[in-house]
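Got some structures for you, see below.
Next come two complexes built around chain A: one with chain B, the other with chain C.
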Partner chain A sequence: MTSPDELLLEVVDVTTSFDTDLGRLVAVDGVSFRLHRGETLGVVGESGSGKSVLARSVLRLVGDRNAQVTGRVVLRGSDVLKMPDRELRRLRGGSAAMIFQDPMTALNGTMRIGSQLSESLREHLGLRRRQQRDASIELLRSVGIPDAERQLRSYPHQLSGGMRQRAMIAIALACGPDLLIADEPTTALDVTMQRQVLDLLDRQRAERSMSMMLITHDLGVVAGRADSIMVMYAGRIVERAPARRLFTAPRHPYTDGLLRSIPRLSDEPGRELATIPGSPPIVIGGSTACSFAPRCPRAQARCLNELPLLVEDARTDSPSSSDGHAYACFYPLGTESGDAALLGNRRAGSTAAGLPMAAFGPTGDGVPT
Partner chain B sequence: MGNDLVSGALSRTIRRVPRLALTLLAVSFLTFMLTNLLPGDPALTLLGENASDEQIEALRLDLRLDEPLLARYVQWLGDAFTGDLGTSYRTGQPVTEAIVERLPVTVELGLVSLAMSLVVSILLAVWSAYRAGGVVDRFLTTASFGLMAVPNFLLALLLVIVFAVRLGWLPATGWVRFSEDPIGNMKSVILPAIALGANEVAVFMRVLRSDMVTTLRQDSITMARSKGLSTRRILLFHAFRPSSLSLVTIVGVQVGAIIGGSVIIETMFALPGVGRLLVDSIAERDLITVQGLALVIGVSVILVNFLTDSLYSFIDPRIRDGDR
Partner chain C sequence: MTTSVETKGHGRPVPLLELSGVEVSYPGGVRAVAGVDLAVVRGETLSVVGESGCGKSSLARAIVHAPPPTSGTVRFDGRDLEALSPSELRALRPRLQMIFQDPISSLNPRRTARQIVADGPDIWKRELADGGGVDDTLRKVGIDPDRMGDRRPHQFSGGQCQRISIARAVVLEPDVLVCDEPVSALDVSVQAQVLNLLRRLKADLDLTMVFIAHDLAVVKNISDRVAVMYLGKICEIGPVRAIYGNPAHHYTRALLASVPDVADAQRSVSDAPVSGEVPSPSSPPSGCRFRTRCPRAELRCATEEPELNALGAGHDDHLVACHFPVRG
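On to the complex of A and B.
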């Protein structure tokens, strides 16, 4: 049996870039993290933050011929980025699987659900036709699809949105993966369905002692489900922390902005929702400064000239743990220098990047006046 | 549940039959009008300047030219339904018989040509799309534009010069029946089929390649790859089938082009097919035969397109459920 602390996935300094006409577009920039068996890692960021490219890089699924992935992705002891194609094919769908945002486009619309299940079972487990059928029915039942036997013969478009997502989960789980990468698994679903699907994923993870990378733009999705959370911005990790800690004591102004933009029932009616002004940049040629500075209420001259690296939070209870709280910011929340930077910008009326403080709205800049 | 594929596709096909019937009717009417829209007296046109007055009068009676147009059309259509397309005034041979004699040659030429161009274009398109932007893809794109620009009669000449005259591998002209000598038959069909299908290779390849490139970018392909499937399986089951709708449409449309091309190719290779018959009939002003051929060709093109349209529902189940 495997110990609960077994390290399943170790990602070291992964950088994914694309050759474009504008230059080298860096979508994922030096990302490192570790994932233990049975754990859920939430990866949070806006569209364009590089989280989906990171997910695909882990399974070497970045399809673009102009793409280059460097670094190390060690899954159960072997480096995914260096393994031969044959071994890679055994790994994909075998010990690591992936689900996508929209099952309508991710499932093959011209193949029956049953065939899409059994092709994995045949490929990886070498099951015979009869066994494939039995295993497929079992899988569909386990993800809560009623009348499983009949649904084997259905095409994806004949199922409802929630059932389609369940079917995709069943297909991903077919060969009992150790790692499930879920890329925005609930974004295409309505709110009630979201909860059901997230609960299903969590139950499957627990039953199979599987590890999960849960990728989302919505901090609400990972709240209460992820053991630790990684916040990405412009291809880099800007903050990483155990989930509870990230929600209660965020350090990075970007994390703080994301948390503030979640509506709460306790908010007084009519209160304006905080937003982060602007949108994420496209990074060409690699970062030399803080990519968030142009949108940050705390931005100082240093942020525009120097790249903040990920540092461990001195407040972390167990500083030796690599999975503790870390952030990449020169003027973080809850520090003297950070508060001073914010107050200075407020007094000056604009940030060092030239953004007027009024752009953050009455409460959006981090600290109550 | 098991036969829903067939029954769904079938019911969709049956629903389209009335429109098919209407199209066929329109085509038959236009074909019939062919002889009547020509300026001057049809009887005179048919018989030529040197005919005597009695001959012309006899033909007028035979063609029922004094009856109303519609009555004559109904009569003609009724005859056509029973397989009677009239009798050629030039050869005295029933038109139906002349067509039936020659049809197997053209059908074989067309089918061999279509099959060869489909096999070649599908292989090249899949390869090209899989390695989109690569050397092979760029070469094939350029080559296909070049191929589209080469008229089939020029290609026919080149093929004859190389394979018949220089190398002597294949006959330059003539036709051997399959029932007489299967190998000789294949030899006599191969050069005309290549000349006829080369343009189609370029057309099919371009259409399929561009659809494949789009499909290969979709999440369903990333999903298929994340399942650890082999490249061959992904290309065949997950990329080719959803990408083949436009190809099927184009094949239907190009059947018309193939029939048109066969007129030239059959003449150049001296093949006794309907294309050749059409050329001869036009040259001899044999309007009855031309009319019969026009009807047969028009109806075939419409039926082929009806069939390719029906294929959609087999390729993509969403179409037969009315989702797309």
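On to the complex of A and C.
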């Protein structure tokens, strides 16, 4: 997975909020990242972390009238958030495409698969009828749909879940996008089918030197497939690192907790799982402190009063800062202050947020390094 | 056909739950469960794992007779549920409880947590033993009754709702708890909490669990024994260590190879281990049901259906339905 240096996408300080009865709900809170050509960026978070809203914000697909998106999304030099509608229509389905968790809501149920493919080939590439048909058959074959010629005449409901997902991928790939955003592309599929679809996406990305944002709640899905990974919590990026590094040396206590609470095939049966007490919050009015502090084994008074910003790990030896390891935590793993915070909380029996340390289970509060 | 638990000779316990020839059919000729024999002994956790459409949820419902299987028998504590009168079956229900995948829609939105948990004992006019009261049960599942007992389901998170469903089931002091995908709708950070809770309750309350799930890592964590289902039939069953350490059926091996694991960051992802899709349960393949996707399939697999047999000497409790099993 090598990545040429060409910068494809630059997201700067994007904030997406919704006016609700409870107040201004900040779903994405000041997110910045860069994506190079051919790279896969994994975006991981639990429900409500803002990962799907972030994906939609990038393509200006947040349709809600009460929504507000600020910041800059620069795709190949032009700002998606400011471009005129005509340019935006050329972009979507052209140089940038998106696939969704549920293919039935993304596909048009009243149109044959063939017509849905042709539509985009005609609109974006100006292909003629005969060429459209040939290109469509080729696309369906490339995503592993058997009997492609016949399937052109199928309606979405006549396909199985896995085949529908493939058809949606074919439509997204039709115009050779530079950027593919895949929002939970395999969550609705069984494991054997999930594996096939992920392999397909990865192959297509490599063949087309396309960039991909792979959004998922499942750390296993991005392991081994993403070049770098961002972990989101309560609308903010709490950690970003090259994939291997995130799994082997996480800095943020949330990433660490997530990694240790997942049951793994390599575990012995019956192991008591580490837990993260409580559940993810909903942020109204924007964060002014660390949103994870109420569930964190390392929480100190500072975490409850001050917002930790995403900072580069001084010890990363990466040449380019955008590919480095960054985290948003005052007391990260693997640091003296972090270890002191954890040991102090253990001695006190509870965190600064008042959470008893026993709530983390036998091994759940992390190990000082 | 032998089951893994013998009642005679070996001095092993009589199974608490025994299924023989269980079938579940739906209109349109779909045989979701196409003949399952199973025995669950007291105190164990047996998991049934498989992909969607394999019939695992239909099997779970058949076990608690909601609705009863189309044919075959379910014996609970030695009694055939089919032979019971409606009132006798009702009287047995508290001992045979079930929890579901969607924790929010399986709770009555208009009732408080306390009321939801108290309903069962009220209906059964059951005197609750010391430490078995509604508030104590809520405390056992990690819901503080003083602070949260009077809240309604929409005021709880998904994980808390699942805790309340568990409280509603265990307050009746059941013998068997059937869990249908109890953690698959939960966030990963909450999933671990609920799995730990189930494991602890099972030990504290001496429960027997039937655990239905599609997530192989979750199943490995919670189970004593595992049954793998494909297209309505069990293709392999055995102790958890045997199934994961020594899988003999090609389908089990394919499933295990498909699981995306965090350890994948360390190794590069190799070829897809299984191709194609699950055939329709209304017209399963002849012979072995897995043969259309199996790398090892031969002519014999199309003509002769493999029976579930012990893998070999020394593996009495590890059964596989395959003509060409993998012997580790």
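One rule holds for everything that comes next: the second predicted complex is superposed on the first by the 362 of 369 C-alpha atoms of A that agree within 3 Å, B and C clash if a C-alpha of one lies under 4 Å from a C-alpha of the other, contacts with A are read in each partner's own complex, and residues count from 1 in each chain.
Keep this in mind: a residue touches a chain if its C-beta (ideal position, glycine included) is under 8 Å from a C-beta of that chain, and two chains touch if they have at least 3 such contacts.
Here the structure is a predicted model, which means the values were calculated and not measured.
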Between chain B (first) and chain C (second), which, if any, makes contact with A:120: first, second, both or neither?
first
First (chain B), second (chain C), both or neither touched by A:63:
first
In the superposed arrangement, does A:224 touch chain B (first), chain C (second), both or neither?
second
Which superposed partner A:153 touches (first chain B, second chain C, both, neither)
first
Applying the document's definition of touching, compare chain B and chain C: which contacts more of chain A?
C
Which parts of chain A are touched by chain B and by chain C alike?
none
Interface with chain A, chain C side, in the complex: residues 51-52, 157-160, 187-193, 195-196, 199, 214-218, 220-224, 240-241, 244, 254-269, 271-275, 277-278
Chain B partner, complex, touching residues on chain A are 56, 59, 61, 63, 65, 88-94, 97-98, 100-102, 105-111, 119-120, 123-124, 150, 153, 155, 157-158, 168, 171-172
Which stretch or stretches of chain A touch chain C in the complex?
46-47, 160, 162-163, 190-196, 198-199, 202, 217-221, 223-225, 243-244, 246-248, 257-259, 261-267, 269-277, 279-280, 295, 361
Which of the residues in chain B end up touching chain A in this complex?
1-2, 131-134, 216-230, 233, 237-238, 241-242, 315-318, 321, 323
